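Note that the chains are named A, B and C in the order they appear, and that numbering of residues resets to 1 at the start of each chain.
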Amino acid sequence: MTLLVVLDYLSVFIFALTGALVASRAQLDLLGFLFIASLTAVGGGTVRDLLVNREVVFWIANPWYIGTACVAAVLVFFTAHLLENRRRAIDWLDAGALAVAVPAGVGVALNLGHGPAVVVIMGMMTGAFGGLMRDVVCNEVPLVLRQGELYLSAAFAGALVALAVRFAIGPTPLALLACAVVTFLLRAGSMAFGWKLPVYKSRPPRNRM
Amino acid sequence: MTLLVVLDYLSVFIFALTGALVASRAQLDLLGFLFIASLTAVGGGTVRDLLVNREVVFWIANPWYIGTACVAAVLVFFTAHLLENRRRAIDWLDAGALAVAVPAGVGVALNLGHGPAVVVIMGMMTGAFGGLMRDVVCNEVPLVLRQGELYLSAAFAGALVALAVRFAIGPTPLALLACAVVTFLLRAGSMAFGWKLPVYKSRPPRNRM
Amino acid sequence: MTLLVVLDYLSVFIFALTGALVASRAQLDLLGFLFIASLTAVGGGTVRDLLVNREVVFWIANPWYIGTACVAAVLVFFTAHLLENRRRAIDWLDAGALAVAVPAGVGVALNLGHGPAVVVIMGMMTGAFGGLMRDVVCNEVPLVLRQGELYLSAAFAGALVALAVRFAIGPTPLALLACAVVTFLLRAGSMAFGWKLPVYKSRPPRNRM
C-alpha cells in the first residue's frame, strides 16, 4: 500500500465524517448520510481524476473507498448526538481532511509528471471540491467562502511547500508530509488564533487615482 | 433498439418534464425551459458516462436525446398552466423518472462488467444527479434532501433488487424491470402513505454511554 | 496562435474579471479571488473538453490560461473599489465573455467534426457554465435564471448564426466572428433596451381546452 493510497483512504474517511455531520444538521435518513458522506469523500478526488485523465476514477477502480465513506457515515449516524457542537466538529475535521487531501492531489499530479502550476491546482482542487460539493448541495455557506479565514490559502501554501521540498530536497513522501503539516497548521491557526489574509473591502471611488 | 436505449429515452423525457416544470415555477423564457429540461434530462447519465469512461457521452453520440428533452420542454411551456398543482406534478414525474433512470444506470454498469458496489452507485447516481443539478441550479430544496421521504433509499433498494435478480435468476432485462418496479413502488408509497426511514434526530449529549 | 486560442484566452480573461468582481461582493481574500476567478474562467471550457473527450483539458495542456485568470483576479482585487456599480460591471463583462466563449465552444465542436446539434449545445455550454458555477458557488441568482433577459437565447442565436455562416458561406473564422457579434448584440440589447422573449406566466386552469 503506497503513501498515496493511505492519503486517499484517510481523506475519504475524514471528509466522509464531515459530510455525515452536515447530513445530521439537515436531519436526513441513513441513505442521505451515506450519499452526502460519499459525495464529500470522493468529490474532490473524482474531479481531479477526470481532469488529469486517469484511466479509471480511483473509487471505481477500488470501491472500498466508498465502503470506507459508508463506515464513517454509519458511525456518525449513531454517535453525532454525543457531540456538543457539530459545526465546530465539522470545521476541525474538515481541516484535517484538507490537510490530507491536498497532498493526495499533489502526489497524483506529481506522479503523472505535471508541471508546477497543475500540481498546485490539483492539490487545491482535491482539497477543496469535496467540501464545496457538500456545502452547495446541503445549502451551507461553503467553507471556501468563509470570510477572514485561511482555507484556500492554507491549501495553496501547502502545495507550494510540497513543490519546494520536492525540487530542493527530493523525496516525494517528505514533500507530501511537509504539505500536510503546513496546510493543517495554517488552517488550524486560522481557526484557533484568527490568522487571516486581508479581505477585499470596498471603498468609495476616489476622485483621482 | 435495445432495452437500455428505451430506458434512456424514457428517463430523458420524464426528467425533462420535471425540469421544465421547475423552469415554469422560475418563470423562465423558452430557452430557459430548454436549458433546465436538458440539464435535468441528461445530467445523471452524463455524470455516469464520464465516470465509467464510456467512449462517448450518450447524448453526444446521439443528439436525439436532447431533441427528446426539447420536445418535453416545449410541451410543458404551452400546457403547464393546465396543471392544478405543479409541485405535486414534479414530485410524481420525478418518481417516474427515478424509476427509469436507476435501471438505466444499473444496466450500463452491468454491461461494462463492473462489480456490485459500482453497479449500485451508478444506478443511484444516474437516478439522482439530474434532479440534483436541476434543484441546485434553480435553488429549490433538492429532493434528495427532503426529510422523511424515501428517495435515495428507493433507488438503493431498486439497485439491490436488480443485482439480486441478475445473479439469482439471470436475465438482465428482468433485473432492470424489477429494479424499476421496486424503485417506483417505494418512492410512490413514500409520497402517498408517508413510508420513511428513521431520520437523524439530535438529542442532548448523554452523561454516560 | 490560432483564432480558437485567442478566443479561449479572451474569454478566460473576461470571465475571470467577472468572477473576481463576484468575489469582491463576497469580500473574500486574494486566494478566494483567484479561486472564483479561475473557476468562472475555465469552468465552461472544462465541461466542454470533458464532454467532447478532448485528449487533455485546455488549461492543463497550457496552464497560462490559469495564469491569465490570476492576472485578472489580482487586477480586480486592487481596483474594484474604483467601480461605481460592480453588479452592472459584472453584467456587462459577462456579456462580453459570453460573446467570446460561445464561438470558442462552437469552434472546438466544429473542429472535432460534430453535427449541428452538438455544435450548438457546446457553444451554449461553454458560454453559460462558467458563469453558472460562479453564481451557484457564490450563491448569487444565476444569470441564466434572470427573468426577462436574453441570455441563453443570445447564445443560442449566436451559435445558430455560426452554423448558418459555416454551411452557407464557408470560412470558420467568419462564422465565429458572426457568432460573437450576434451573441453580444442580443445580450447587450436585452440589457440596454429590455429586449426579451415572452416568459412563462402561469394562468388559472381553463375549463375547456
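Here is the rule we go by: a residue touches a chain if its C-beta (ideal position, glycine included) is under 8 Å from a C-beta of that chain, and two chains touch if they have at least 3 such contacts.
Here the structure is a predicted model, which means the values were calculated and not measured.
Chain contacts here are complete: no pair of chains fails to touch. Chain B maps onto chain C through a rotation of 120 degrees [Cα fit, steps of 5, range 0 to 180]. Chain centres here are Cα averages; for chain A and chain B they lie 28 Å apart. Multi-chain contact residues of chain A (touching two or more other chains): 50, 136. Every residue of chain B that touches chain C in the complex is listed here, in rising order: 23-24, 26-35, 38, 46, 50, 55-57, 60, 63, 66-67, 77, 80-84, 86, 136-139. Residue ranges of chain A in contact with chain C, taken from their complex: 50-53, 114-115, 117-118, 121, 124, 128, 132, 136, 141-142, 144-145, 147-148, 151-153, 156, 196-206, 209.
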